[in-house]
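A, B, C, D, E and F label the chains in the order they appear, each numbered from 1.
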């Protein structure tokens, strides 16, 4: 059993619980600003700012900073994944945006729409991207619902 | 109330139900081959074959053909969406594939991997696409879980 | 490679980027009102208003209007899909709502709850719809998690 | 810490692990047939067979039977949810099917297609249901991607 | 056909519809407070308050109260599911939170983060939970996208 | 525009396309066995085998090996994420499994059920995990569908 799991009551909070004030303060994650960050977090923030040539990092990174190991791993992975390679930055940002729209993540849609535009996505490109994302979501369900077997040619 | 809904028992089938044999035959959708298709379906199949310069249509279309109106609308929409425009065919196929992978549709992954390769996706491009899809799915949840507010710059 | 993808830095925006002010204005899509719409968009808006006997279209259409081709295709498809046929309008709106709830799309839940109520969904019907959507989401995962093979009777 | 979690190595199995044979047998859940079921499971199986007038229960129930408490709760909830009320059985089965298609659960699609047909869903109804499920999945993403604010009328 | 489905126009609301004011009031569900609740709802609210030792129930229950049968079934199921058993309360709350984050349900993330913290989840545990949820979502897509067949050892 | 995107026809494959044989071979990813792997892939495979004390790696890694950079990054991230820390290995494997079940990834369900059992998950624990995953998926939709606002206590 997990330590401290001796609590016998169902734990969802209510207003009158005696320990409520302290617990409540913990319930919503808070961002960590550069000036209050430890050295591990600052090192990542510095690398983000240098790589992106910006004065401050986005909220996403300030929240991940609650866990410096998670912050560092996520940034290093993202930096590697989004670097230009066989695919250019614009294509990668549009793929990222398409997935984020399909998953319905409001923060990610907002930040990657901005990133894709910065990388060169025009309004016409965005409109066509939306068309593809919409059709893919539609036909994904049509294939599921009709229980379509995979063509021999695709095996 | 829907007609014929006077059935008072819960309707999931079992082996011994007297009307089972007939009902079971209905339960799994079956494809419609060109030779057995009506004129509306044939007109769509002909257009697909002409547009894609192929001898036969994929399973997807043979199943949609159960509903000729759905078949025609889906094909016309898809043809419009996937035509080259502000985005080229390869980019569109990769976006389609990325969404299909993210949604976990086995048929769509198989068919759009083939389509993207046909349009020029190399193995290196596919590997990077997978990297982006993976990271987007990861960071979509990180943003949700930390309840990250959208930066003022993105509003 | 996509044109203009020569940008070597990772493109997510930050406050101090020199080109930021201009880019930022692009980042959040804006609605297009009838008075500022071109003729293609106006033709669709007019058809929506006529079909639904309303004075103005919903926000959804004003945003889609950023891409007139997408706007027109989506409206024509939706009009065809939602017309009474083998299924009546109320049943179709409840199906639409059930999927939107399951997918967690706040806009779609709001607009299709209103549409379903308009088509005759009572509060009792809505409560039962919620019960079905909840159980379907639960048992979908139970079937996945226990790796239940499909019964021979359903093949 | 959870008991027995003193294992210091990452636990994904490989062929040569000494304890492999025993562990592997545990890895895929197995169904429980009536003749091998305990009294609690039999009581639920009997109620399913009586309610649905079938000789045997579907695979779904035979797998849930691994956990008799889960089996009983799921059956009782499902029986209550799917009983005719403000919505008839056919409408409920179509809602169940629409959600299962949207979620991409192969078992659930197979079993609830059969159940909906049994309750009266014709092929024309199924085709229209697919049209609605497809469009809902498409427009859910369009609303997300364009970040459409909820109309004041829906608040 | 569903009763009252004789409406021939597409039903999405607009400002000028004559029946709009009345319909609009119905469109957004409203909570039911204890003082306005009927006896069935009060009985459930009382049990929640007693079980959780709180003065008032959370918003979730006040909205479910629109359908007293749904409210009662959901509370009874949840009470059974979340009681300590083979898994302790903290582990259960973290599983609940992980699924809610993965699904992107803002209300559920907020309430189950609070519940998990109440049950003993530290900030370090939360950071590691986020790491697991993120990686699971990433590798789920990698397995799908590469069409990885299940190892014989897992069958 | 992406290079090689000069293809003017819609690219989904058909049997008779002249370039079909070559393209088809590319369409389904194939695993890379140790004996055919390059040095970068072998280094990762060796580390997996050493860390997990197994003779061969699972299919998942053999497919990721198509992209050695993706393989290395994924393994390093996974090793870091799944190491015992504030959460023990069993809890982490159950969280991983819960997300994989919720997402409906067949490969991941199979492999992480095995991994969780190896780490000590009993059948009773698995049954309760399934109960939690099921309820979370249900109540996630109830909260969405009733548009429940977040309680002030959780902000």
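By definition in this document, contacts are C-beta pairs under 8 Å (C-beta built on N, C-alpha and C of every residue); 3 or more make two chains touch, one makes a residue touch a chain.
Only a predicted model underlies this, so the values are computations on that prediction, with no experimental measurement involved.
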Labels of chains that are neighbours to chain C and to chain F: A, B, D, E
Higher-contact pair (C-beta pairs counted), B-C versus B-E: B-E
Chain A-chain D separation of Cα centroids, rounded to whole Å: 29
Between chain F and chain B, distance of the C-alpha-averaged centres to the nearest whole Å: 22
Gap in Å, rounded to a whole number, between the CA centres of chain F and chain E: 26
For chain D paired with chain E, centre-to-centre distance based on mean C-alpha positions, whole Å: 17
Residues within chain F bordering two or more other chains: 1-3, 13-15, 24, 27-29, 58, 66, 69-70, 73-74, 77, 80-82, 91, 102-106, 110-111, 113-114, 124, 127-128, 130-131, 133-135, 137-142, 144, 146-147, 153-155
Chain B residues touching chain C - in the complex, by the definition given at the top: 2, 13-15, 20, 24, 27-28, 69, 73, 77, 80-81, 91, 153-155
Footprint of chain B on chain D - complex, ascending: 49, 51-58, 79, 82-84, 88-91, 93, 104, 110-120, 123-124, 126-128, 130-131, 134
Chain C - residues contacting chain D, complex: 28-29, 58-60, 63-64, 66, 70, 74, 77-78, 80-82, 85-87, 91-92, 94-96, 98-100, 102-103, 105-108, 110-114, 122, 124-125, 127-129, 131-144, 146-151, 153-155
Complex contacts: residues of chain E adjacent to chain B: 1-3, 97, 101-102, 104, 106, 109-110, 113, 129-130, 133-135, 137-142, 144-147
Sites on chain C touched by chain A in the complex: 1-5, 7-17, 19, 23-24, 26-29, 66-67, 69-70, 73-74, 103-105
